[in-house]
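Down below are the structures I want you to see.
One chain, chain A, appears in both complexes that follow, with chain B as partner in the first and chain C in the second.
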Partner chain A sequence: MRPILMKGHERPLTFLRYNREGDLLFSCAKDHTPTVWFADNGERLGTYRGHNGAVWCCDVSRDSTRLITGSADQTVKLWDVQTGAQLYSFNFDSPARAVEFSVGDKLAVITTDPFMGNPSTIQVKQIAKDSSQQTSESVLTIKGPQGRINRAVWGPLNKTIISGGEDAVLRIWDSETGKLLKEADQESGHQKTITSLSKSADGSHFLTGSLDKTAKLWDARTLTLLKTYASERPVNAVAISPLLDHVVIGGGQEASHVTTTDRRAGKFEAKFFHKILQEEIGGVKGHFGPINSLAFNPDGRSFSSGGEDGYVRLHHFDPDYFNIKM
Partner chain B sequence: MAAATLPGPTKLRWGELDEDDGGDDFDFLLPPRVVEGPDENGVKRTVEYRFDDEGNKVKVTTTTRVRKLARARLSKRALERRAWPKFGDAVREDVGARLTMVSTEEIVLERPRAPGSKQEETSMTGDALAAAGKAGAVLMVCRTCGRKGDHWTSKCPYKDLAPQTDNLPPPELGPSAPGTGKSTYVPPGMRGGGGDRTGTEMRRRNDENSVRVTNLSEDTREPDLLELFRTFGPVSRVYVAVDQKTGVSRGFGFVNFVHKEDAERAINKLNGYGYDNLILRVEWATPRPN
Partner chain C sequence: MAEVVSMEDIEAQAKIFGIDLSSVDLDSITVPPGEDFGIKSDDEEVLQEEDPPEYEAGFGNIIVVDNLPVVPPEKFEKLEGVVRKIYSQIGVIKEGGLWMPVNPETKKTLGYCFIEYSTPQEAELAREKTHGYKLDKSHIFAVNMFDDFEKYMKVPDEWTPAEITPYTPGENLQQWLTDEKARDQFAIRAGTFTEVFWNDARQLMPELVYHRQYWTDSFVQWSPLGTYLATVHRQGAAVWGGATTFNRLMRFAHPQVKLIDFSPGEKYLITYSSHEPSNPRDTHRVVLNIFDVRTGKVMRDFKGNADEFLTGGSGGVSGISWPIFRWGGGRDDKYFARIGKNMISVYETETFTLIDKKSLKVENVMDFSWSPADPILALFVPELGGGNQPARVSLVQIPGKEELRQKNLFSVSDCKMYWQSNGEYLAVKVDRYTKTKKSTYTGFELFRIKERDIPIEVLELDNKNDKIVAFAWEPKGHRFAVIHGDGPRPDVSFYSMKTANNTGRVSKLTTLKAKQANALYWSPAGRFIVLAGLKGFNGQLEFYNVDELETMATGEHFMATDIEWDPTGRYLATSVTSVHEMENGFYIWSFNGKLLYRIPKDHFFQFLWRPRPPSLLSAEKEEEISRNLRKYSKKYEAEDQDVSLQLSEQDRKKRKMLQEEWEGWVSKWKQLHEEERDLRVQLRDGEASDEEEEYEAKEVEVEEVLDVTEEVVAFDLDQE
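Moving on to the complex of A and B:
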């Protein structure tokens, strides 16, 4: 395959997200402007100007009208997808790290970093249908985990919130009361910072990537460890194929070590594993920096990767990808 | 297409032909164009007839493969979005702005092993293999008792039973050489029986019956080499040179046999043997100059 290279960002990519139909691809980077691209040919549709810091995460509503972005400038902003107009800005007293709309787009979960003595939090905001009636109050605030919470996502039926971060422990919280329901087993769980978390298409299980060089597949209800995929490098990004029993994990050595070692030693490739057999299927090379983000098109026929090198690479699979036999 | 329209109006009787036309335009004499397919593989065959420069009738068969490149299955909303005007920084984008480009490089999904080959023991699940990988990936063979993959020589439970070490008492238990105290260093050559375990002999263990294997493929690991050479006789050591920086094999290795005859047979048999798409070169290893 010949990937499409999109060089719209001047700084490392942080997050990629497809909308539900898979025709738009949203990219966040450490430069201040989230960008939307057409996912078929990689043409840039527009940018969302207004943030004043690195943008860490984004999510798009199911009907592809609203975008929510979380940034290091201590705000979370709501955008109109079509025009790029800012609809609302939530202000926090520390950088926002992860954002996600709930099923139904009525709520959003936001995590904030520990900053200036404030501990890290998970907050739930109500998202008004009409953005003129939007309020900034949090419905729920959860405190407790130490260190950054790198990802927080909604569990099945919005009943729970699943979080993971620097303390390497996955937790399931009750999304109404904020009570801690489950904590991942320390021994089988990750040993180092959880960098990424990606749900399966039906939300029944999810994949986490960690700096301990593994990615692990978990049940979203019981938080039991299902599978482990071992890599040679820290894992920064994970994604689950919605079409085949494949998972893809990406990473690479830490950015600070890139210049000190051989180019080939970096292993900046997106690695495909068989989800069930845990067997490596193959690797897709191309980035010349660690891969920070991965996303599968909802139709499973293409995927994109965003790297520390500032490129988004959009890969449409060759037909023989779909006939790979293990 | 054209084939459908041809037979109707242009079908003339040969008697009505105007002889004066010369050989210029006899195209209507030709059988019509026939298009077959595309079949299930997308192969389309077009058969055409024409006159070449010398007036001979030539049949031209063109076979083409039709392939659908993009699966156009966009929803109505996605099509609507397609027509959205650009906004933000994208507005000022002129066509010349090359933000998006197609990679000049063909990227393939690189498979760790050849498709169809069966899985080897390198799936890195076992602790022993992982440990072996860390220790420079030396195959775990106990030199004392000869067990493979069970323990290292130094951890051998049968150490005391092995004949080689019988006359080597542990240094703590008694004076290893006459006139030496416990705390003084005794060179290995002076210990125990003196000359029976000299440095040269220790080195020779690595050089003896050593076979050099070159032109190995990058994926060849020590277990693969052992698998290949084990058939000729007991192997005491397998080593594949690995690039320190990248961990990729450098394409050569050494195999030591216990018996010289086995090594000879292996060289005769495997030199020029095709292994992993490459032709192996197997020869006696030249001893190190020092």
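Moving on to the complex of A and C:
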């Protein structure tokens, strides 16, 4: 499995997202410019210029026409995927961390960091079909969790919002009223900051990664803990294979803790686990720095990883991979 | 123990007094301080566990100086000046901490005074140093700790016979050795927890025996025979052990204890502390206590300045080298010794005094070591007088102090002594200067202790300029291994003190070229050795069979810092301790280099196998067993098979269960997903839902006009 190295970012990668067809890959990095690539050969298609800070997260609409990005410059921007034109900019009074379109792309959930005395928030914005009609009002604002909310995603049928962040507690909120519906069990839940959250293809379950060196699989409706995958490193990124019963988790020591002499020292591997048996299947090495983001192609035949080293590595699986017997 | 007062009694009592208990808020009642109404508090035990809080106003730092001259008021100031001068040399006297009471009638002093120091250690030192100080002929100071007065006052005048407590059988402290599966235990310390596990290699995981948070303040240590686990606290040391759980067996009070050391037969425990002097010019003050482990009694204490306890001529500025007292003479715990300036002090444990009441005088002695089996001391004395008097290594028999053997060595820069574990051989690594004195080269002097007249043999490596990286004797064997070489990949050589056709001479067995190793770990049972590359080599391991002279396996434990064989030589533990921030945890390997299991642990400090006492079988019996090993092993092999069958069966079952459980989830999700389909389609404005809809890839060429510029180009007809 020879990876394709995609060098387009000058700073660490923060997020990767495939479109629904799996032909485009969107990448976000700390270098202000989200980039779109051909997911097949890694060719760079274009960039989205306009942010003035690290871009933390993005999402693409189902029809691949709109891109939404959240940035540390305290804005969330809507882009035309094809032309790269900025359609709208939501302004906040603190950095935006996570963004996601709802089913139907009519709503977007956005989280903002605690900043200058403002607490962290989860906000829901209406997304207009015609961007000239776009307004900036929030339909819903949720406050409560302490610290950053690193991820917020829509639950089944947009009825709930699932969030996780620095306080290590997963929560399910009612997306209409903003009421807290469920909290993950403190005992069995994560012990440290939840860094990432990735839904299964059908949205029925999701995987979370945490600095407590584990990734956990949850039922999206009941918030029941299904599985735990133990790693030796803090987990920064997780993804669920849409094709096989595999999950991949990545991470590594924080950059400041890493000795620069030996790339083995940080164990910057993307590790594959069997989703059901929770056993380690194998690892993909290569990044010279922690892995910050992972994404499976929707066809499950390739995946990409984005690292602190500024590279996106695009891996097409060998035929052997599909014959792994456990 | 606490008298138990039942609620019924209280109610009955209340009735007598006519009190309606329900109208009394029990929590609002405060008992007068110091009064317990005969009911002992349950908290008492807890309070005793913690040490008495150190109040500024404690009396531990006050001494009473008696036998001072009685002086009239005119001379009061002068006397006070004299006393202050004497006592401020020892430590810092608190402001207003010198009080000399006067007789209110005669205005004369009473002949004693109180001095308050800033620390109890200083007070203790002052008492020690000035008790018996002669101010003049008729005034010899009698100095006591203020606290001691109270203690001595309490001593009853009449003798009462000591109470004899009836004998209660103790726990079987060796219980762990009777494990049916013959497993070994180990202790680990990670974070704030100290845990003891069985190494269950068959199940490929450890089994918890006992764990406890904040068990120790700094470290834990097994006693040499494994009976006790020692913990170290601010107040002193404690030993733990027992049949099933770890109970505290004994406490050894020694405030601020830093280091501990057991005697080889674990009869005695030496504790050490050093105290920061209040005057920075002074050296640290050192206190050593020798306890009897079973009774907890202090057998002897040593106090003094740190420089008195520096070892050997070189000493070193960094302080003492531990252990200060080295135990000799095998497991009898008969003798212990320490090195001082130009002498070695050997004590015996019958009386805890010097043998023959005097130390062994050895001019300029640098280093010494005990034979692990016999009361024999090996000493090293460096060259003196610029090479006129050669350096020497000598063997001294204790308690006779007679020299058994001596060897003079020339142009020596340093010597190091390595005893074989049975005390049969002594290897002395000698670093000699070359003729130019600019560099050194190394050779070995090999002593055969058990042979007549102790023959000495000189061994030089094939390339005598090679640096020696490590040296190790095979435990209970005749062989030794040396890592030598200068480059990044040194060589490893094996030698034997006797071979079949050459019993009297050392001969080389083999040399392994270019190994990534810098440390040697022989199996405690001999025969196998692990060549380890720690630190710079990132944890390379090579498992080598010295009988067959072949490598059994190689492995790696990345960043490994510590390696320890289990006491039987069946398993090896490699660990990464918290000197590294990452990778913390330990691996367990089989003796032949198979990785059995890995346990990651953050903030990992210690991994310690529980030692075993020596086998009770005689050498002949052991040999017989190893001859008929097949007969014995059958039973265990069958057991192993059972376990592995059981494990794979369990594994299969578990997998099946997990799979079924998962399928349950999936079918539930599928159903919900179906049910929600219409709603989802609705959310997508009628667009059919995800998976059922097909799409095809089309190539679309899009031309975009970026810019159009029209320009009038001047055309000059007249050109040409």
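As a convention for this text, the second predicted complex is superposed on the first by the 322 of 326 C-alpha atoms of A that agree within 3 Å, B and C clash if a C-alpha of one lies under 4 Å from a C-alpha of the other, contacts with A are read in each partner's own complex, and residues count from 1 in each chain.
We take it that a residue touches a chain if its C-beta (ideal position, glycine included) is under 8 Å from a C-beta of that chain, and two chains touch if they have at least 3 such contacts.
Quantities reported herein were computed from a predicted structural model and do not represent experimental measurements.
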Task: Overlay on chain A: chain C relative to chain B, clash or fit - done: clash
TODO: Check the residue A:158 against both partner chains and state whether it touches chain B (first), chain C (second), both, or neither.
DONE: second
Open item on the list: I'd like to know which partner A:219 touches here: chain B for first, chain C for second, both or neither.
Closed with: second
Task: Which of chain B and chain C A:21 touches, first, second, both or neither - done: both
- [ ] Considering only touches as defined above, state whether A:313 meets chain B (first), chain C (second), both or neither.
- [x] first
TODO: Identify the partner contact of A:202: answer first if only chain B is touched, second if only chain C is, both if each is, neither if none is.
DONE: second
- [ ] Once the structures are superposed on A, label A:192 by its partner contacts, choosing first (chain B), second (chain C), both or neither.
- [x] neither
Task: chain B or chain C, by number of chain A residues touched - done: B
- [ ] May I ask you to decide whether A:182 touches chain B, chain C, both, or neither, giving the answer as first, second, both or neither?
- [x] neither
Open item on the list: So chain A touches chain B in one structure and chain C in the other; where do those two contact lists coincide?
Closed with: 21, 23, 232, 262, 264-265
Task: chain C residues touching chain A - in the complex, by the definition given at the top - done: 538, 558-559, 581-583, 585, 600, 655, 658-659, 662, 665, 669, 672-673, 676, 679-680, 683-685, 690-691, 695, 697
Open item on the list: Please output the residues of chain B touching chain A within their complex, sorted ascending.
Closed with: 70-71, 73-75, 77-78, 81-82, 84, 86-91, 93, 98-112, 115-116, 119, 123-124, 245-248
TODO: Flag every residue of chain A that touches chain B in the complex, lowest number first.
DONE: 1-8, 21-24, 33, 35, 37-38, 40-49, 63-64, 82-84, 230, 232, 261-262, 264-265, 269, 272, 279-286, 299, 301, 313, 315, 318, 321, 324-325
Task: Partner chain C, residues of chain A touching it in the complex - done: 20-21, 23, 62, 102-104, 106, 156-158, 202, 204-205, 213, 219, 221, 226, 232, 245, 253, 257, 262, 264-266, 275-278
